[in-house]
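In this document, chain identifiers A, B, C and D correspond to the written order of the chains, with residue numbering beginning at 1 in each.
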Amino acid sequence: LKSYPVAALKQVSPVYFRLAFEAPGLARAVKPGQFIHIKVSDGFEPFFRRPFSVYRTQGGVVEIFFEPVGKGSRLLTSKKKGDTLDVLGPLGKRFTPPAAGVKQIVFIGGGIGAAPFMLFSDKIKSHKAEKLLLYGGRSKAHTFPMTEFKKNGVRVLTATDDGAVGVRGRVSELFKEISLLPSTMIYTCGPRPMMAAVQAFAKTHDLRGEASCEEVMACGLGACLGCSIPTVHGYRTVCHDGPVFGLNELVF
Amino acid sequence: LKSYPVAALKQVSPVYFRLAFEAPGLARAVKPGQFIHIKVSDGFEPFFRRPFSVYRTQGGVVEIFFEPVGKGSRLLTSKKKGDTLDVLGPLGKRFTPPAAGVKQIVFIGGGIGAAPFMLFSDKIKSHKAEKLLLYGGRSKAHTFPMTEFKKNGVRVLTATDDGAVGVRGRVSELFKEISLLPSTMIYTCGPRPMMAAVQAFAKTHDLRGEASCEEVMACGLGACLGCSIPTVHGYRTVCHDGPVFGLNELVF
Amino acid sequence: MNISVKIGHVVLANPVTVASGTFGHSEEMYQAKEVRCLGAIVPKTVTLHAQQGNPPRRMCEVAAGMINAIGIENPGIDAFIATKLPKLKKIGVPLIVSISAHSANDFVLMAQKLNAADGVAAVELNLSCPNLQKKVLVAQDAEATAAVVRQVKAVTRYPLIAKLSPNVTSIVDIALAAESAGADALSMVNTFAAMAIDVKKRRSKIGNFTGGLSGPAIRPIAVRMVCETAARVKIPIIGMGGITCTNDALEFLIAGATMVAVGTYNFINPRAPLEILDGIRAYMKENKMTDIRELIGSIER
Amino acid sequence: MNISVKIGHVVLANPVTVASGTFGHSEEMYQAKEVRCLGAIVPKTVTLHAQQGNPPRRMCEVAAGMINAIGIENPGIDAFIATKLPKLKKIGVPLIVSISAHSANDFVLMAQKLNAADGVAAVELNLSCPNLQKKVLVAQDAEATAAVVRQVKAVTRYPLIAKLSPNVTSIVDIALAAESAGADALSMVNTFAAMAIDVKKRRSKIGNFTGGLSGPAIRPIAVRMVCETAARVKIPIIGMGGITCTNDALEFLIAGATMVAVGTYNFINPRAPLEILDGIRAYMKENKMTDIRELIGSIER
């Protein structure tokens, strides 16, 4: 629970923003897949904090990548340099780093779900595996600026609902474009129907993988047991047992 | 119930602000002593609207003069040109214009309570009576910028608690400075203890007068009966039966 | 699109009304032709004799709501009928007259006076009044509620609405008692007994010590009560408690209310009832509903 | 300055605790030495057998609060004693263990298991549990409340706290029943039965259909209940319901609560309990109070 000075807010596409703040300790501590819990207003509107994945760290600066979809995230678009940001974190379980023997890493992200993969690809730059990002967005406006992924040696394949960028259709259209290896490791984050499709795909091809889930959160700390989702082990909290789960653990 | 574009916000002293907005219909309709009821936030924080006297109208522009004392009034200090202001009004009972035979008009204002007298003195500029403003403020920071009153032909006498401006002490210290006339008309607005002193003073000297009261308001329309104060006629609403009452009607 | 609803034998053009004690028909705000758009209006509760109300402060703001202890300040039923009713009648919108009393007898007396008057569409019993025999309010006691409803029903020529208090263990029990005693409809809910303390002065912020909580803060409780009750009674419910916008009103309708009343939020947005009326129509259109009955009680249980 | 308080025979260093089900002793947030600053901590309610809790969504946000229907997810008392209690004990802060059960017998069984355990300062009975004989909760029935309290009191070696539900006509009646049955203290209040509806889907936002409302929205009702009850019982009250800051906590203390518990707001500001503890000290200093008893119940009536 700390207050950090906002460094910059930037709109990077018609629907996406990047918010950077100075938080050296957090920048050092956070692992790919973990999130932070932000108090977006000074009062009770909205009442809960809002969870966001860490998108990137650069020096002592932490960045989130977000889409204003409601009251809370919209409030973040009025932050400016010099404001402070009340942040809890880093929270939650990280993505498991790929073992040395993994020859191919496939990130599968839908919309804003690609955000945590930036930090992840930063951290495993030196890993020798082939890296791919299968990305699905609703429209051109909903596609990530991909140059940074490319700089990290990640090959990006995109699908949009309207075909304006990349292949037309869902991200699952992209599955057939990749030649899988037995050691392929999948990491996915996005809407539940997409992750369900990824789970089915991984099952068919007997691939290991992890998925990062979303749920409305109150505490973000595993205290309230309010963000539970069904897993093969019973209910598990997204904030504390997750957000990263084994792909096979999830029940859709 | 209208939305008006904000024209300007200006800080005019260490503690006072002026907020101007374009509202030609309101500017035409409002009478001295009436107030407007402003929705200061988009949500429920704070929950009620906030009442403010109209300070001045110039062309189609309406101005309020205010001191940020709490959550609601503080929110007004972040308004800027181009924002909109959700306003109900003009509301409440006006000050009675001084009859032609009145030879002396004494405004007695404490702190922000002097605000409605500006519009009043604007409107009775042509009245031949001697005009005085007895003004009490906590400190130098709490004194009104008086040049505009002077331009309206109002002689200003000031008292401050610490003596930094004018006489040291309460506004009642100024009573002895004026030579009353039988036709003297008193108009007062300010903290209740001050108005109680004015009432006593007027009684002693058998002077007529009116007082503008404050109370926490919900509807501002006389609907909720929540802003009632005791008067010699029983409970009366400040928003609808007032805010201006006969000085003798008030029960302190 | 049919959005008319029935309270007893009276047909109202639409399901939007206002809560007693919260609606000012102030000429500055409304033109008669706007007020006429509402399904009905409900003026402040009237008592047998004039009441001067409680000492100030009569209200305060709290998180997402307010506390009030007005004390039913009103001119008494005779003055109401003589001076207020004629003006209200002239608006041309159905009028639901809210009455309260300290005994069943006085309730009956008032109902008779209203029988003799003109321009009344329905009578609402504000049962949040002391119950002389017991320490609780009439609305907190199923038997007392039934007794008042039964006696008034026996004399009144208008549809009878029982307004319930939420300060009870089981509002369904009270609702069932009112229904079986002959109530034609229920108004739910009145305010929650509450208080706020000025910690500097260490005294209540309300002159009357305690007051009633209303506004968005109470909506989740009110919606639950309406939903629970709608599943158990056959008579229509006028749902209220924290309605500020179309979405809030839809919650009550979907939960099973036949009408919705805007209360406290009239003080913040006096146009809320009209906006909600438009909003309900828009929602029905978007959801291809042609009759309000498709909406009422449509919650998936 | 003396701010210590007593619950039964147990002395607690200060009047600030947390509400059951809302406090995560997460190492990321707290160091043991900070948690040790609190008067006590209250972990989530434990039941006789493990419970997996309700299906999602288990909660939603509302105006100035939230609705939850977690369903008392917990590992059961044996697992609690075996695995959780030792860790909690290590913190070194007095521990109030909250238990709930479907029958008085099960309550007694759990109390006996706690007797045999180590590191418990007091036991809290979460009485918002179904009452097998009747359709209401135990906490909604004075007799049922008294019966459970009496039977547990007969066996437990710890001070006994009865946690009351606000969903009642007269919380004073339930409080008096608990007191005369031997409760050493009261926790007031639990959540208000409530719901919120997704109007697009026309279904409850909560998997369990209804849930419990908590947070600032309920504070004015909770303060009223504590104030009313404190005037009538002799045993201490742990006040809770929407406490977010020092001012809120002071309202409860001034109303008559001996301790205050932060619940929902732990989720928004996990440091709220510590800040409130500092705030109470500062308030007492400013008001030249040397003993917390000058503050408790100091409201001008």
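One rule holds in what follows: contacts are C-beta pairs under 8 Å (C-beta built on N, C-alpha and C of every residue); 3 or more make two chains touch, one makes a residue touch a chain.
In this text the structure is predicted, and so the values were computed from the model without any measurement.
Shared contact partners of subunit A and subunit D are absent.
Note: the chain lying farthest from subunit D is B, by mean C-alpha position. Measuring from the averaged C-alpha position of subunit A to that of subunit C gives a distance of 48 Å.
Inter-chain centre distance (subunit A to subunit B, centres taken as mean C-alpha positions): 55 Å.
With centres defined as mean CA coordinates, subunit D is found 34 Å away from subunit C.
Residue positions of subunit D touching 2 or more other chains, listed in rising order: 62-65, 216. Residue positions of subunit A touching 2 or more other chains: 44-45. A ring topology is adopted by the chain contact network, closed into one cycle in which each chain touches exactly two others.
The chain pairs satisfying the stated touch condition come to A-B, A-D, B-C, C-D. Taken together, the subunit B residues at the contact with subunit C in this complex read 1, 39, 44-49, 88-91, 215-216, 218-230, 234-235, 240. Contact residues on subunit C toward subunit D in their complex (touch as defined above): 62-65, 67, 136, 140, 167-170, 192-197, 199, 201-204, 209-210, 213, 216-221, 223-224, 227, 242, 247, 250-251, 254-255, 283, 298-301. Subunit C contributes residues 21-24, 26, 28-29, 44, 52-53, 55-66, 68, 70, 73, 215-216, 264, 266-271 to its touches with subunit B in the complex. Those residues of subunit B that touch subunit A in the complex are listed here as 43-45.
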